[in-house]
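Two complexes, one shared chain (subunit A), two partners (subunit B, subunit C).
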Partner chain A sequence: MKLGPFILRRLLLSIFVLIGLSIVIFILARVVPGDPARLALGPRAPEDVVEQLRKELHMDKSLPEQYWIWLTNALRGDLGKSLVTKRPVIEDIKEYLPATLELVFFTAIFMVFFAILLGTLAARYKDRWVDGVIRIFSYIGVSIPAFVLAVFFILIFGYAWPILPVLGRLGSQFTVARVTGFMILDSMLAGNWTAAWNAFTHLILPAIALALGGTFQEARITRSSMVDNLSKDFIAAERGYGIPERRIMFKYLLKPSLIPTVSVMGMDIAATIGNAFLVEMIFNWPGISRYGINAMLFKDLNAISGVVLIIGLIFALTNIVVDIIVAFLDPRVRLGGIRGQ
Partner chain B sequence: MDDKTLLEIKDLHVWYKVYGGYLKVLHGVNFLVRKGERVGLVGEAGCGKTTTMKSILQILPPGDSRIPKGEIIYKGKDILKMSFGELQRLRSKEVAMIFQDPTAALNPVFTIGAQIGDVVRYSIALEEKRVKKEKIKTLSARALKEVYMPDPERILTNYPFQLSGGMRQRVCIAMSISSPRNLLIADEPGTSLDVTIQDQILRLLKEIVEKQGTSIILITHSLGVAREMTDRIYVMYAGTIVETAPAKDLFKNPVHPYTRGLLASVPKISGGGIARGIPGRIPDYLNPPPGCRFQPRCEYATPSCQEKPPQLFEIDKDHFVACYLAQR
Partner chain C sequence: MANKNFLAVTVEKPREKGKWHRFWDRVSRYWYHFSRNKLSVVGLAIVVLVIILAIFAPLVTPYPEHAGPFVDYKNAGQPPSAKYWLGTDPIGRDIFSRIIFAFRGALVMSILVLAIAVPVGTVFGLLAGFYHGTIIDTVIMRISDIFLSVPSLVLALAIAAVLKPNLMNSMIAVTVMWWPWYTRLVYGMASSIRNDYFVIAAELSGASKFHIIFREILPNCLSPVFTKMALDVGWVILIGASLSFVGLGEQPPTPALGQMVSDGARYLPQLWWMSVFPALAIIIVILGFNLFGDGIRDMLQSSR
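Take a look at the complex of A and B:
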């Protein structure tokens, strides 16, 4: 498999996926009862003003026509105006997306590191106390929703034992010029290292709250696929040739065992972008997820379509990245086809 | 035990932990390999051949198996009491095992070169702290040449799935002989391959063993292969050795009812219809039958067979049988 054509093919494919997704969400947003124009202007606005806004939103036209107008505009980078913020949706996304991406980035690092570490430990000490403790925490971690954890974290680290900041992205004593929208990066660019550290401490709790469920789920997947591979003949053979135990664990066992973990992890990380809503609400995190939910509640048609499109795009890109990692781990995928048997 | 003995297994018991108890698979296995000897081990599927062999290298599934009783003495030392360092030395320099299914025995996500390379590295790592990459590559390619692999340099960069079944088995053999060993264990080395390839693999093994003077244990369920390839044969049934004799003697004068049944169940090309076979199946290892493990299937069984398992009894030079029939 050549990487270039592979990525190109996947990108082309994801364009179709995105078009399909946008059609579905476009129709869904419009068939839900409630008049967006009326909602935006309030119950006391005169009827002719509301009618005027409906026209501006092209709501007097048929659905296919509306979609066509939206699509041609979107291709030019114009996602329309938000009814709530009264700004172009693309500007809103530019403002809110980096905050969520920053959060998801650290969530992902936490997930990857701890899922693999805990999974490996649990497999190495299968049926011993280490495995048991990790198993109990897994059940707890998987069954507690992220927003409950978020509330717990605020109670514990915000009030009972205030060692970490629990609200917003940066302490109010700092002002950092916005360049990329990524707070830590912007602070570093400004050379303000204390602000960067402060921004990082703001990230810790929401990131952990978001990551914990997925981390434990993937630790379980890693464990079971490692345990599965441990009973394979190739591990017995490698042991039999006197290859040291540590090398077998971290080379010959880890690589084939990571394939299922990576597939699930990629999807989990991408899903975090949409699922971050409650955590963003609780930690007062100005992210895209919170923005998207507000858009839904106010039937802010353009904002809904814009957010869904962006999240869909990130999903598609994550998928491609996951496929590349899997291809890197598994030569059978990379080189294609299975000869012989 | 004399100074010619290389490996001696004494009264080996192996249990596997399962839900609801232990599978008592090996029930007092006695087994001897002399220096330079070619030994066959035959028996039907599930009788504990592979378990016996894996316990020599201590590569039974960890945590799920235990050895409640027995000794495995290699060059005068009990493997079961070896330190980890001694065990690693045994694995990397003395004994090597070739598995039944080469597809399962090769790691699917590493190149052949990486896998043979590590086997080579750890077989010399005990003497040389730093092993040069070039040396590993040369030795790996040489091992592949020994097993008549075409274009070894290219094969080293291939992944297992890019090779045919026969080539994979050659790779496994190459790993086992990449450094000189004193004992090779070949666990049905051709069973998962088609007949012509199986033949090639066996001939290759025979050639290597003759050239290097290595002792070999050949596991097979084909009596024909055992007769052609080995000096002495062990017949195993349900975790016990039921009969052992020099290859010629065993075919001329089989004594144990199970051995006789096994010989009778070989289909003959000259006709005579389907062979008779042995009625019944291998016993349940969770609750094995009392006394002789073959007694529920044995047409000569007497009540005394249910009381105590029969011990191996020498009826001729080097010919042992574990059956009360032979002792009478």
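Take a look at the complex of A and C:
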């Protein structure tokens, strides 16, 4: 199988899954709560107003019809109005999504960079103290929920040792015109490099809080896959040719060893997006997750379904990207169509 | 003179071991594999301690009545001391007692979630694996794909938010997103075991489908399922703490670990003990269950 049909197949599968997800969300937002119209207007609203809203929500039609109307509207970008902000949900999402994407993107970069670095170190110095320290940190890192780490960071860097900003995306002394919504990019576009640096310092703590657990876990996976591959014949052959150890390590060993690491990346990014819901709340990060949490606490059903749907979409896209990277790393997938481990 | 018996070698018959003896043999073999990694033993100690503390919470805590609607403004906001080991909150409740009581909710949640999600997920996985390549396989596996298409915490938060916020509904929310992992795990094994000779032999000898699925295939899938279960307890506690941190779990005045951290975060940095100690409790409990789970995995893998 060539890469083209492979990606096409993944895309089709994702579309199918997203349609399924939309049914689940529809049931969650329209069927489970009983009467969304009454819920939206509150218990004191007069009956005829509620009746009118029910008509507007097409609740007088059958459920499949309702779903069809809801889905076609959603595909056109109409996700209904938010109860809390009184604006179309899609507008809210457009406003808040870039902040979350920026955070998740930097978290992923941090995770990949340190996972590979620490994993390679641990494999190179297998069973020495470096390996032991990384092992212990990986046990602890997996056991600390991201929100707990975030609270610790607030306590340490917000009060005890204030060297890094802990709240928001940008210091209040800066104003940057919104172009893309990505703060660092916007600052750079405006030529305001101090603002860009300031935005970057705001990113550091939330990104570390989100990345830490995944980083050590992936470092462990990288280490064990490198150690496995070290005993393979191709490494012995390269040593036999007299290729320097450093070059074997980075050029020939690392690439095949990264396949398991990248394969779990998809899951770690999922965990990151989930944890972002709490971490954004703590660091007052104006992203889609903080918006989503507010929607959940106010039972803002349109906003909840919009947020879950958009996250499902992002997650599907990241999984496709992860699969493509695996295919790129693993010739067996690229050429043979089997997913090698 | 030829000894007619020179070929007769006395073979000592293996001594019949008693039932208890055999059982003890197995236990000590399991223990050997489990305790080879000392960290697993540490994990076991933490797990046992947490369970005992949770069960006997009213007896071991200094102020059991503080785990409910209790107010004592005279002792409000006390730092850790000999009287209040981990300090008190702004209405005078002992943090230590509340943490111990919060263990109860966390343990009940992980037990109930796994007790429902694991059998359901396993049965679906077995069915999909047994009917591999048929419509049943497609339907079950695509449904499980849908539940895995959103980060699990996001879906759990959404479900818990739509329902009324309490411990029961947060358990429902976590269960709904937990079973597909077991379906996927069991499906992979069941669909390959399905074509093994012993299953085909059973089929040819006329065994019922029920017998084949639950007596032939299921026992061969159990070891990884148990391993995953042991490793999952910590995760369930983590997700439960996350839900209660947002306010979608156990409602006050009943204490929950995540809820205590988020309450305490509002009083930072003055009443730092209010959030730091529950946070440490979360870390220790999850760490304990994770180490314990690793030990169970080593044990089941090496004594197979």
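We take it that the second predicted complex is superposed on the first by the 292 of 341 C-alpha atoms of A that agree within 3 Å, B and C clash if a C-alpha of one lies under 4 Å from a C-alpha of the other, contacts with A are read in each partner's own complex, and residues count from 1 in each chain.
Following the convention adopted for this analysis, a contact is a pair of C-beta atoms (placed from the backbone, for glycine too) under 8 Å apart; a residue touches a chain by one contact, two chains touch by 3 or more.
Please read these numbers as outputs of a predicted model, since none were measured by experiment.
Superposition note: with subunit A as the common reference, subunit B and subunit C can be accommodated side by side. In the superposition on chain A, A:R332 makes contact with subunit B only, while subunit C stays out of contact range.
When the two complexes are overlaid on their common chain A, residue A:Y252 makes contact with subunit B while staying clear of subunit C. By the document's definition of touching, of the two partners only subunit B reaches A:K126; subunit C does not.
Angle at subunit A (Cα centre) between the Cα centres of subunit B and subunit C in the superposed arrangement: 70°, in steps of 10.
Here subunit B and subunit C are compared by how many residues of subunit A each touches, and C touches more.
In the superposed model, A:Y139 makes contact with subunit C only, not with subunit B. Judged by the touch definition given at the top, the superposed model places A:E238 against subunit B, while subunit C stays out of reach. Look at A:I282: by the touch rule set out above, it reaches subunit C but stays clear of subunit B.
Contacts of A:A29 after superposition on the shared chain: subunit C is touched, whereas subunit B is not. Once the two complexes are overlaid on the shared chain, A:G20 sits against subunit C while remaining clear of subunit B. Taking the two complexes aligned on chain A, the least Cα distance separating subunit B from subunit C is 10 Å. Residue overlap on subunit A between the subunit B contacts of one complex and the subunit C contacts of the other is empty. On subunit B, the positions that touch subunit A within their shared complex are 54, 57-59, 61-63, 88-93, 96-97, 99, 101, 103-111, 115, 118-119, 122-123, 159, 161-165, 167-168, 172, 175. On the subunit A side of its complex with subunit C, the touching residues are 13, 16-18, 20-21, 23-25, 28-29, 32-33, 139-140, 142-145, 147-148, 151-152, 154-155, 158-160, 270-271, 273-275, 277-278, 281-282, 292-293, 295-297, 299, 301, 304, 308, 311-312, 315-316.
By the touch criterion given at the top, residues 126-127, 230-234, 236-244, 247, 251-252, 255-256, 329-332, 335, 338-341 of subunit A touch subunit B in their complex. Within the complex, the subunit C residues that touch subunit A are 39, 142-143, 145-147, 149-155, 157-163, 234, 238, 241-242, 245-248, 258, 261, 264-265, 268-269, 272, 275-276, 279, 282-283, 286-287, 290-291.
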